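Labels run A, B, C, D, E and F following the written order; every chain starts at residue 1.
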Amino acid sequence: MSPTQKRRFTIVAIILLGVGLATFLALRAFQENIEYFLTPKQVAAGEFEPGQRYRVAGLVRKGSVSTLDDGVTHRFNVTDCKFDVTVQYTGILPDLFREGQAIVANGAFSDTQTMIAAQVLAKHDENYVPNEAADAMMLAQANACDDATDSVSY
Amino acid sequence: MNPFVTVWDFFGRLYHRLASPREFYKISRFTTPVFGLLFLLLTAAGTYLGLFVAPADYQQGDSFRIIYVHVPSAWLSLFIYMVMATAGAIGLIWRMKMAYVVVICSAPIGAAFTALALITGSLWGAPIWGTWWEWDARLTSELILLFLYLGAMALYYAFDDRKTGERATAVLAVVGVVIVPIIHYSVEWWSSLHQGATVFRAGGPAMPSSMLTPLLLMALGFTFFYGYCLFLRAQNMVLHNERNSRWVKDLINELE
Amino acid sequence: MTNTFMLYAMREWQLLFRNSSTLAQPLCFFVIIALLFPLSLPAENALLQRIGGGVIWVSAVLATLLSLESMFKPDYHDGALEQWLIQPRSLTLAVVAKVFSQWSATGLILTLFAPVLCLTFRIPVEQIWVLFVGLLLGTPSLTLIGAIGAALTVTLHRGGVLLAIIILPLYIPILIFGAGMVTQSAQGADITGQIYALAAILTLALTLAPFAIVGALRATID
Amino acid sequence: MTNTFMLYAMREWQLLFRNSSTLAQPLCFFVIIALLFPLSLPAENALLQRIGGGVIWVSAVLATLLSLESMFKPDYHDGALEQWLIQPRSLTLAVVAKVFSQWSATGLILTLFAPVLCLTFRIPVEQIWVLFVGLLLGTPSLTLIGAIGAALTVTLHRGGVLLAIIILPLYIPILIFGAGMVTQSAQGADITGQIYALAAILTLALTLAPFAIVGALRATID
Amino acid sequence: MSAHEISAADSHGHCLAANNLACQRGERWLFEGLNLTVSSGTCLHVIGANGSGKTSLLRMLCGISRIDRGDITWQQKNIAGNDDYFSGLAYLGHKDGLKNEFTAAENLEFYQRLNFENDPAKVDEILAEMGILACADLPTFQLSFGQRRRLALARLLLVPRPLWVLDEPFTGIDQAGRNLIERLCVEHLAAGGILILTNHQSLRSGPLKPFLNELEL
Amino acid sequence: MSAHEISAADSHGHCLAANNLACQRGERWLFEGLNLTVSSGTCLHVIGANGSGKTSLLRMLCGISRIDRGDITWQQKNIAGNDDYFSGLAYLGHKDGLKNEFTAAENLEFYQRLNFENDPAKVDEILAEMGILACADLPTFQLSFGQRRRLALARLLLVPRPLWVLDEPFTGIDQAGRNLIERLCVEHLAAGGILILTNHQSLRSGPLKPFLNELEL
């Protein structure tokens, strides 16, 4: 090889190696959960500190939604189908909020089990379905946890 | 004749024609109106189908129809950046004048589409998610893309010398391209608030064709709009850059 | 090859020690942050402790960003850079050496002193480690990526704002991973994901940025 | 007399707008602080609100300190300063104009934008006022006092650290009064004492610093 | 052009004198016990090898450098803090005092205003006389080396000043420019001005010859 | 001194050529369709008024500036990325590439190491030859203007390079220095080197005459 060829070869080799390693590391990174959510399971195990702020993600437990007397404070359970966290939120819920919907609640724990949420966000999934099929879909969604046997992550 | 050679030859000739500002100008005189027309037809069809024919979504009702603006503009925001980066690389490697023109002319169009994606996304997110902004991976990275577009524009105009500015902008376009895969895969890599892929996903689109057709029509229409704007801007730029050359002077004489 | 690297790196270090304004900046930052932050916030340990990590990360970004302006400009103005361009030595290696020395005078110093700073912010020892590792992985990427912007704007007389506009977007991911790591570890969460992410960014920056910097210099110097 | 002042001040402003790296610094600070602080701290409004005032004051000190280096150096190196020395115009007025423009590009911008920043930190309106008045009284003193250090180190090639060492001790009182004001008003306490103190420092600096700066310049330029 | 007005204002003539001047740089004394007197209509050419202290002497005469020993007078009055002196002095050194960020015209306009005048038309006239009108609106850093030096020299024409102190004024200037500047100097001297300059070539064969005094350092 | 070694290494001679070269600054074309060939043992003196594009041409020839049109070859090979060319080239422009913070000796030592050598004794020798040994340990910003230029020129003596490109090398240099540099150039040319330079005075009457070619821009 001439010196120029040799230099080109080295450069290409370095780039390939570097980009390959970077891809590997990136993929490893995304196997870990980078955005930190507290799972209902962790809450049940008491793995949190009162006063600190957390995000909890999960489904709205079927039949758990209630509104307090003031009309704007809502209580409901967020579940991974196995463990539940009770969330209390004062404010307007997003349009999509309903039983079986995936949501993210943002807040701190007042006592051992109840999260006082400052924010409740609804997660929309990738499915778009015409109105005609709505009832079946809603039913399926609301009963999402029915045949789950173990914790599901959202 | 060997079909491979023929195809190669065709692209070779196309490349050379596009590489020359004068040839490019000739071609674009023809393509610009065609692209404009295609844009009008496709978007008109897409809008009609999307607003009046496509069924409402079971959860979101009619508010899902913002998809027909949001998704095409979001796709284009990524596509245009890829075009810019590719053109930038071509310009830097093969010193092709027209490639720089593509880089410079694409930036504001891309920025506009990015802004549109951000605005429509926010408008959509407010009722659906319950917030118009989160520091979510998809949203943040799309915002970064907007800044990159703006940075590229600012960089180009900062140089007194046009040629230096073109090359500097091309370098920035190439460097910034890492953001594109990050935006695209952000919803898989992070547990994002933004939904995952609906259209291009394993197992086919999660959307009935009555909803999908207008979306694809709109996307195609927007792409032609990009082509239309690009050619229009590039024409102007070529004429300006080459204003001292013979062929432009002849052109002006013809007009007068 | 090592020779070229060492040659330029030694020169940079010598210059840094002679011309302490570059060396002063991170130190200034630290003195100010360590001394003045506690002075100017409500005297409360819990508060300091919670913001410590974020403050240190933001100051790392600031220090890097401000040091970029003087990375290539002096060499451009006194003609040293054009001499490098016409040497039969690898410009890429020269640039890597320059970035390395620049980092050692900002990012590295920041990283090494961060634990001391953490003490004034009363941050617990486990989080000090997290912060340290994060900075060690993150600050070189900051300098590498920033150097591309510095090279792109070296000939401009009004480069300041532009440099920030070009570079800040690219810094945000690093900051999010780096600072996020500290916050999460305070909540007792796992941080391997962020470490991998920062490492990935670093490897990518290390392999590609030097070529981009050289390309930028060749594109702009005239 | 006003003429001399206006002449130099106009020139400085023109330069600042041309050479945005000076103008960029406080802007950089603000973008970084407004964007990156919330990104890199635990997302909590109450936390941001409590540290907002302190963060803004520290950034004002930092911005001023970092801008001092480029206050007289460029004019010294390109020979403009020696031309000023041999003009039959008052050098004191020139210096006052320079300090004023420098302040308007750092302290004033910081002061004017601080309310905006306060909004991203969700600071209540009464405290925004306190912060605003404090900065308005404090930042001119910062620049005036800092300019003495800048003039003393203008000919030095290793002036950076020295400048910080000379100047920082003099800044601490201003910072204590200024930032203390915000904390106290958040607690509902009276702040007239601090306002008087800041005003006293400012008057003193305004009357004495210009002469000190001119003396320092004449002593060092050769 | 402008030089004529000086003589009208000061027909009695000017006089710059240095007594027993000394200059120390580091540990070395560059010169000691230097005496000189320059009066209206004379040109003092300071000669010396590189590093012999020409620039240092000129800067002392302009009151920029500290005087290590001796004193300098203008019309028998010490120059320190002497406004009369400084309103009569124009100095151009190796550093040109031009701002890269400004255009050529803006640079000149600033110095014009510094001299209590404001006349953009005159600035253009001067730029034209120096042959750099075409560059009037270019930022100074885009000028060629010689154009930059011409711009610096253009300051001399802004207002008439009896004393010109020029450190290697012909650096980077082409032959036409050199002739121009020599002509301007001659006009200045003929009108009763004083010129102190350094230059590495002898001036004895040029148009300045009739006014020439040499001082070897 | 060093120049003799070139001829030993390359008895076959060198050749730098430019074909149809053009340079655009702003909207103006400074020159177009410029052809030139310089071969071993010749000196090309680029002549032109201020702002005519001499510096721009020299920087193109050194591969620093972008070439707007045309091409430049060294031994029939294009100079872009041509290591052979760059190991044979020494360039000194208006900017001297010296670091103010370093001493004179340190500055030279860096450039020596850049040239794959490390010999402090030789650095001192070169400083002595250029007449600035006394300043070896002064920080460069304390040097007089001419001493600084001498230091920049001292780089030419570090290692023998067949092609010297010098932009106004005599700026700020006194008569003795000028003679010295002319002598060095003559030695360089006599040993088969190539010299391309600009200067505002004609070189026809100096020692470079026998080698001289002129190019008017």
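In the analysis below, a contact is a pair of C-beta atoms (placed from the backbone, for glycine too) under 8 Å apart; a residue touches a chain by one contact, two chains touch by 3 or more.
Since the structure is predicted, the reported quantities are computational estimates derived from the model, not experimental observations.
Asks: Report same or different for the chain E and chain F interface, where same means the shared residue numbers exceed half of all residue numbers found there.
Replies: Comparing the two copies, chain E and chain F contact each other through largely the same residue numbers, since over half are shared.
Asks: So, comparing C-alpha centroids, which chain is the farthest one from chain E?
Replies: Most distant chain from chain E: A.
Asks: Max contacts between which two chains?
Replies: Most contacting pair of chains: C-D.
Asks: Let me have the rounded angstrom distance from the C-alpha centre of chain C over to the C-alpha centre of chain E, please.
Replies: 47
Asks: With chain centres taken as the means of their Cα atoms, state the distance from chain E to chain F in Å.
Replies: For chain E versus chain F, the centre distance works out to 31 Å.
Asks: Indicate the whole-number Å distance between the mean C-alpha point of chain A and the mean C-alpha point of chain D.
Replies: The separation of the two C-alpha centroids amounts to 46 Å.
Asks: What is the distance, in whole Å, between the centres of chain A and chain F, each centre taken as the mean of its C-alpha atoms?
Replies: Result: the chain centres lie 67 Å from each other.
Asks: Considering chain A alone, which of its residues make contact with at least two other chains?
Replies: 29-30, 33-34, 52
Asks: Which residue numbers or ranges of chain B touch two or more of the other chains?
Replies: Within chain B, residues 135, 160-161, 164 contact more than one other chain.
Asks: Quick check on chain E: which residues sit in contact with 2+ other chains?
Replies: 94, 100-101, 139, 142
Asks: Which bits of chain B are touching chain F when the two form their complex?
Replies: Its residues touching chain F are 160-161, 163-164, 244.
Asks: Can you tell me which positions in chain D touch chain F when the two form their complex?
Replies: Residues 157-158 of chain D touch chain F in their complex.
Asks: Help me check something: in the complex, which residues belonging to chain A touch chain C?
Replies: 11, 14-15, 17-19, 21-26, 28-34, 36, 47-49, 52, 54
Asks: Per the contact definition, I'd like the list of chain A residues that touch chain B in the complex.
Replies: 29-30, 33-35, 37, 57, 92-97, 104, 119-134, 137-138, 154
Asks: Can you tell me which positions in chain C touch chain A when the two form their complex?
Replies: 177, 180, 184, 186-190, 192-197, 199-201, 203-204, 206-208, 211
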